[in-house]
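After this come two complexes, each holding subunit A, first together with subunit B and then together with subunit C.
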Partner chain A sequence: MSAPPAPDGLLVLDHVKVEYVSSVGAVTAIPDLSITIRAGESYGLVGESGCGKSTLLMAIMGYLGPTGRIANGRIVFDGADVSAADPASLARIRGRGCSIVYQDPNAALNPTLTIGKQLIEVPMLHEGVDAKTARAKARQILTDVHLPDPDAVLDRYPHQLSGGQKQRVVIAMALLANPKLLLLDEPTTGLDVTVEAAVLDLVNELREKYGTTLLYISHNLGVIAKVCDRVGVMYLGDLVEEAPVHELFANPRHPYTRRLLACVPRLDTDKHTTTFLPIPGQPPSLAGRPRGCSFGPRCAGFDAPRCGVAPIPEEPAGPGHGVRCVRWRELDQFEKTDAEHVAPATPGVEQVMRSADLSKVYDLGNAFMGFGSSRQLIANEDLSFQANKGEILAIVGESGSGKSTFARILAGLQDASAGKLMVLGDDLSRMPAHKRTLEQLAAVQMVFQNPDATLNPSHTAGFSIGRALKKFGIAQSRKDLDARVKELFGMVRLSPHLARQRPGRLSGGQKQRVAIARAFAGDPKLLVADEPVSALDVSVQAAIVNLLLQIQARNGATIVFISHDLALVRHLADRVVVMYLGRVMEMGPVSSIFSPPYHPYTEALLAAVPVPDPTVKQKHLRLEGEPPSPINVPLGCRFAARCPRKLGPVCDETPPPEQAAPDGHMIACHIPVAVLARVTPIFQRVQTPAGAANPS
Partner chain B sequence: MSATIDNAAAAPLTAPVDKAPPSLLRRLPQSRVAMVGLGLIIFWVALATLAPLLPLDPPNKQDLMALADPRPSARHWLGTDFKGRDILSRLIWGARTVLSVAPLAALAAYLVGCPLGLAAGYYGGKVDTIISRISDIILSFPIIILYVILIANIGPSALNIVLAVVLTAAPGIARIVRGLTLEQRHLDYIAAAQLRRESALYIMFIELLPNCRGPLITDFCLRVGYTIITIGILGFLGLGLPPPDPDWGTMVKEGTAMISVRPHMSLFPSIAIVSLILGFNLLADGVRELSLRD
Partner chain C sequence: MGGYIIKRGASLILTLFAASFLVFAVTEFSPSNVARKTLGPFALQSQVDILYEKLGLQDPLAVRYTRWLGVLLGLKADPLQDPALGLQFKDPRGDKYFGNFGYSTLYKAPVNDVIWSRLKATAALAGIAFALIVPLSLLFGVLAGMREGSGLDRTISVFGIIATSVPEFASGVFLVAFFVVTLGWLPGTSPLDSGGGWPIWSQMILPVTVLVLYDAGYVVRMVRGSMAEVMNKAYIRTAVLKGLPMRDVVVRHAVRNAMIAPFTVILLQINFLISGVVVTEMVFAYPGFGRMILDASLFGDIALIEAATLIALTIAILTQLVSDVGYAVLNPQIRLA
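Presenting the complex of A and B:
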């Protein structure tokens, strides 16, 4: 890692400039980018959406399409200039030289062909071997990617595999061509965290086994920290910083990298000690690229004569560490290392929400025309927990855990099948929105996950807020309405003129702010936030989380925060409920969840979290398989089938007891709490050669 | 809430957002196909509007002199029909009927089809089953036979043609709207509207319907074209507008008797029908192409 860069790498990007040509002219996506990736190394490219990482990937693969072109520079792969290659030699390079794994395995596999057919093609086409040899190779590679029963998998169709299995097949397919370079484009983004961890393990293992060079593209700094040796940070098509992974996380030198790292939730800090430092403003559009430093307009240290004139050259900031900032030596002169901290809301004792044995069962109807037994999907079973005034109750779990179902019941979009759900003294378990009074509706509002679906594209941003104000009787006259909308936009820090824009003109973060303003229009006592930031870039996520905490500090609302991101939950939650297949596995104050005793499931979740800090060592603990279907749930402990600490038949047959631990901490497990407490903590800091303290 | 928190958000976000694409209507000139279609439609609309001002013979006036030689001449540019009536004049006056009845009928079909589709898609369940099955029944009839049965029973008139078109077109429209509604029904903005207890009517017409407009505009243009074909066919089958007022389909039919000797009598009305339908279809193609472009 510390070796000086070899002059000839496996993949050399030499002053590459990529443009997109449209009817209005050429737009530069990547102005001037040089990267050298040496054989055998694992190179990570990070950046937020729109920073040009995918464009770069397409340029390397020669897939830029009819509108894109490499306007300048060379892309040299294994000694051959890819940028100038004709289609035939390109095909040869792609097939034997570099393979790609995309984000969505569903799009990468043909649903009408068996896995075997699709895999066998690869060696038959590229190596010209016969079908039998090809099948043997395919079988071998499926074994290598740890798919159970490879012979059966070969005969299955893609839809018969789970998401994680499909991604393994895609990786297997990429490896079948014996590539020198494997390009991975966000290969784990759509996967659950335990599955993601297993896929990342696989990537690391295969790299050691085959010596494949990796170019790993991700927006997730935690994932990059796990699999890469060297990291490049992209912003608006520029490589702003490049360093060995430990060096980058320990001593980031570019203001953008530093702010990006300060936006990432960490497991050793929380809302009481730290406030995220979001990046001011938004990235400009490609057409509006600023002169000089691309990050200039958003940088606190922008000095027009030095930063805003000519392209910024790369300066060495250490061994193998390059930074494109003219002021990197003077960072401390302009950079705030600590955000001004606002005290979060203090949880009160007054109970706002309490669920008691709340269950939701979907009747899926009879198996076949009335024959056979009818099937039930148990989305929630016996949920019993509470949230107090001013508290943030986080509900975590992987997909299928039933956390969103609970959120929808709480908000009134569904009704429960059994049990009680007391909100401010009323039982709302069987009161969907149309049965609730306006006061009850105003008191419980919801922020949704997908910023693109949360606002009606046909109406202005202020429209639905105005409707909510009117419906809840807060304002009636046009003047009052406008004034209140303006006020709410101020609360979420949006300029009021955006109220007249349609959502198509707003960014994801802005849409989510409008959604928060809408939820707060009726001054809710309880806010249900269903993964409100999971679709946003990390810097935008940081700003939204800060905003939620500020609003809460002011009006003391209770927040039920649904999330799969444990690091984020660690940052903002007061209490945490861990769910698996519709049941509560563990709950308690946030600190008790993140330290022993752990529920075995929580332990595995924590061990899988991608930590954006290579100096933190996680205990190695992986779950077998993937969450089973909630249709045929096990009789005993829901987690028994995957539990690494399963005791025996008792786990399969008897529902686990809800054991109390100190501080209102509850663990539903057959293993006694005293035994569970004997494990070592998941996270341990290790000293590294670069080991300086992290600035954020 | 002051500057205490994060300087990032302290300044309101006045975003340098990309400009949204201008509305479909304003981008129409970008599509050559749409412009050709629009040109054809405007051509007929202009002629129909200006008909009383043009130096034409009255459409029902018989020129006995022309009976001997009905072929196109300086006096009658497109010739005369078997009764000596000026074909150009009849085409232009006939355009007035077609251009008012066809869009009106399509519009009426939309007024019926949209609410049905919205209700089927939004409520689902039994409502959806009932509406969808009735639609299926109507759509499974050969449309021409349905027209003939209807018009033959209730009599040929402009109003009855509109009714026949509504009955046959509304199920198709309902099906499109239902599909578009189903796509949106589970989106978060609908949930948000439910959480402020908007009425079902409000959600259907204010939240859902406006987002269906893209495909519906294309469908409307196509449907006007189909309706023109329908009116032509009804005229050709003798079920068109009652004589003697000019009707393109009727004109084609009347010409067929002499088609081997005097082909112009059928040819010109046919060309008129084709050109107008082509206009609406090209416009629909252009609009669809533009809406796919963003």
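Presenting the complex of A and C:
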């Protein structure tokens, strides 16, 4: 941080200030930031959205757009000042010196050029080689990032590759000119967990191979723990804490870091033992930067005379550990990890939802006027499970596993093709929402993934909820409506005056609270939550999860929680269903899913989860290839093609038996349960390096 | 691709049938009838009635449509040319051949004698205009959209708006006032006839200028919008941060993507230039296709209207086919099936 630029600093940010200038004046995105990244190290920057991570990245690349500017300080890369570079030297730095791996590989590649064309222009530009040599280089680098059949990939267009393959291409493109520094901007956000793990493996492998220095930006502490040596934590453009990775996770010294870690779901705790500790309030806008400590207004230990006057200087809190908090020594006095315990609901025995052999098949009538071969997409097949009153049933699986299809059938947005779906005694499998009675509609409600898209932008938050109340006949008069809306806002911990705001004025977390209030307006018996927190920042996610648990504890609703985040599922679910390509692979109580015996697919999923704890060692287990397409699925076990423990032809030809294990645990696999049980657990705590204690 | 074009060809023929029938049906509601129009306003009602009967105009719509179709396909003789009627309507090609659009009651000549010369005249106008509109719009659109909000962008955008919002009759009159009346450099009318002392090429300049100003202003704005959108895409950032110079970013990465959206719009201009430039043709007394359609419609010359409709429709569908194929060429994510 404030350490003088070390001679071996490859990238030195020296009191950098970044502003965005508009017609109303300048807004400071980064007030005063200093970081030194040494050659060969892997530095991680964590922070929630809006903390200035991406701005910093673009400042390093000299690409702040027409409104951004470096108002103060220097960014020195490999001895050259980027902030003062002319276009020619900037072009030399870009690509050659440092290159970027972008967040969304779908958007980062040009859709109208083949992969080959996009790759070969890098060596042609930076090394001046001819097209043939460049193509050979591109081919080599595609082999290095483990893309099968590189020659074919070179001739393909981006849309002909999967998301994971595209991200490998983007990494290959970044590495082509042998950069000294590789900037990674959330490179695995949006990828499936097994693909994410493979990409992170690749990053680590390439780092060893090429000795590239990494600056890794992420909001995901688990990913940071996996690939970084040193970590900086950003809040509102300030670097509030910086430490070696083990030290940071073991001894967080800044209240923000500590809260952030307390919001992250872990695999060794659950809702019964731990409650997330969300950060109160929301980050202020850049224009409304508080005086003194930027985290002050949200900090439990804010002490105006000490924290709210001048910018907080950095203090050393250990070897290589710096923190910008005047009260870091008193942290334990005001930061309590068990501040508010949420007592979760106890599942009852009364059955609320039961699916029996539920299937959904899409006919892809492709051809012209019915000619040609018709194909079938099997989205759900023979789903049989149940959820009881007050229970949280989690459905996990990667994209294409059919979990959202099930949610849509449950909510009446789609019809099932076969089987039954009993909800409170009625079969809803082929009853779309418009055919359901008011009671049936009110009983099953849904919370969606993207709160921005689910609220009508032209209606106020209160109106959306009021309409649900009216529709379900819960309140009619203006006065009743207002009172009930106010009550619901109180339930989701929103200030009632927000009821008059349109969604555009609300933050993501607030919008999701409104969506939850709307879902609970009709007092549902069954809430279908389809990835309700995956679009939210970790601290907001923690608050929403706590809220769901609180509401459930009070009204005893059953929740079907659909998620790809296994750590989160570990935290809040009572029972878990693991799906792959439309079929149930394994299901059972949450603790039995996360310990042996595992279904081989679950085992691979767990091995891929990024654990936000560098002291936990995961068994190394990676799946080959990508999930196959759900069109024309194999006859036998769906997972057979990628299964690391495949027995032989029996797996391809015969559907696996549904084997019972203790505690209502079911594993659909040809390998006997007793054999499956003889594996080492995925997660093991390793000896922590010297100087780092256990997480507090 | 081959199958795709056959499929589109089949749908073209179907559309032509449907459209020609619709035009036939709509003219039912126009006052007067073919017999009256053929004989003129001073003919006796009894003469009209005789012709009415001889032409079989009392037959149901479907029968008459089939008859017209038979004439077009060369299966039946054109009834108007029957010497027994004494009308002296004569087509040098004979009265029974494929592509016989019949006899124009307005021009008192075979439709084929009237329509192709008009189409040729308009095609010349449209072709020159289109050949100027496309490169100009692409150039200025890309230049403007390349740096959104720059001085160049604003200048081009303002000129584009002005050019496209001045109606053709106004810009036509302005240009005539300046180049014809004040300077005397160019002819004020364009009858495509060098008898007045002005060579044909000089008669094309003003109509073409009016069309280019009016249409390019619009297309420039389309291209500019698309280009500006593309320049904000993440893959353009990727290209810039690869270290590519701005020229390569624009030429290699942006332009092709920016062409995708306006491509259809650009090809639609062909239809406009063929049948929608009535105003310009009127201002310059240009013997064009659009003016002919207008006259035929006002007169109720059904044979001519039918022929013009079929031709305009064929052009429209063919440009659409070209635009779909071109779209697939530009955008590899589209596959034609």
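By our rule, the second predicted complex is superposed on the first by the 675 of 696 C-alpha atoms of A that agree within 3 Å, B and C clash if a C-alpha of one lies under 4 Å from a C-alpha of the other, contacts with A are read in each partner's own complex, and residues count from 1 in each chain.
By our rule, contacts are C-beta pairs under 8 Å (C-beta built on N, C-alpha and C of every residue); 3 or more make two chains touch, one makes a residue touch a chain.
Only a predicted model underlies this, so the values are computations on that prediction, with no experimental measurement involved.
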I'd like to know which partner A:Y157 touches here: subunit B for first, subunit C for second, both or neither.
second
Can you tell me whether subunit B or subunit C touches more residues on subunit A?
B
Between subunit B (first) and subunit C (second), which does A:H434 come into contact with in this model arrangement: first, second, both, or neither?
first
Touching partner for A:Q449 - first (subunit B), second (subunit C), both, neither
first
By the touch definition at the top of the document, which applies to A:V122: first (subunit B), second (subunit C), both, or neither?
second
Look at A:M61 in the shared chain and tell me whether it touches subunit B only, subunit C only, both, or neither; answer first, second, both or neither.
second
Contacts of A:A108 with subunit B and subunit C, given as first, second, both or neither
second
Which of the two partners, first being subunit B and second being subunit C, lies in contact with A:F561: first, second, both, or neither?
neither
Residues of subunit A contacting subunit B in one complex and subunit C in the other:
none
If you look only at subunit B, which of its residues touch subunit A in the complex?
1, 4-20, 187-189, 191-198, 207, 210-211, 213
Per the touch rule, the subunit C residues reaching subunit A in their complex are 7, 149, 233-235, 237-245, 248, 252-253, 256-257, 260, 330-333, 337
Going by the contact rule set out above, which residues of subunit A touch subunit C in the complex?
61, 63, 66, 91-96, 99-100, 102, 104, 107-113, 121-122, 125-126, 157, 159, 170, 173, 177, 368
Touch list for subunit A against partner subunit B, complex
275-282, 284-285, 288, 300, 336, 339-340, 342, 411-413, 433-434, 436, 438, 441, 445-446, 448-450, 453-459, 464, 467-468, 471-472, 490-491, 493-498, 501-502, 504-507, 509-510, 513, 515, 518, 522, 543, 546-547, 550, 554
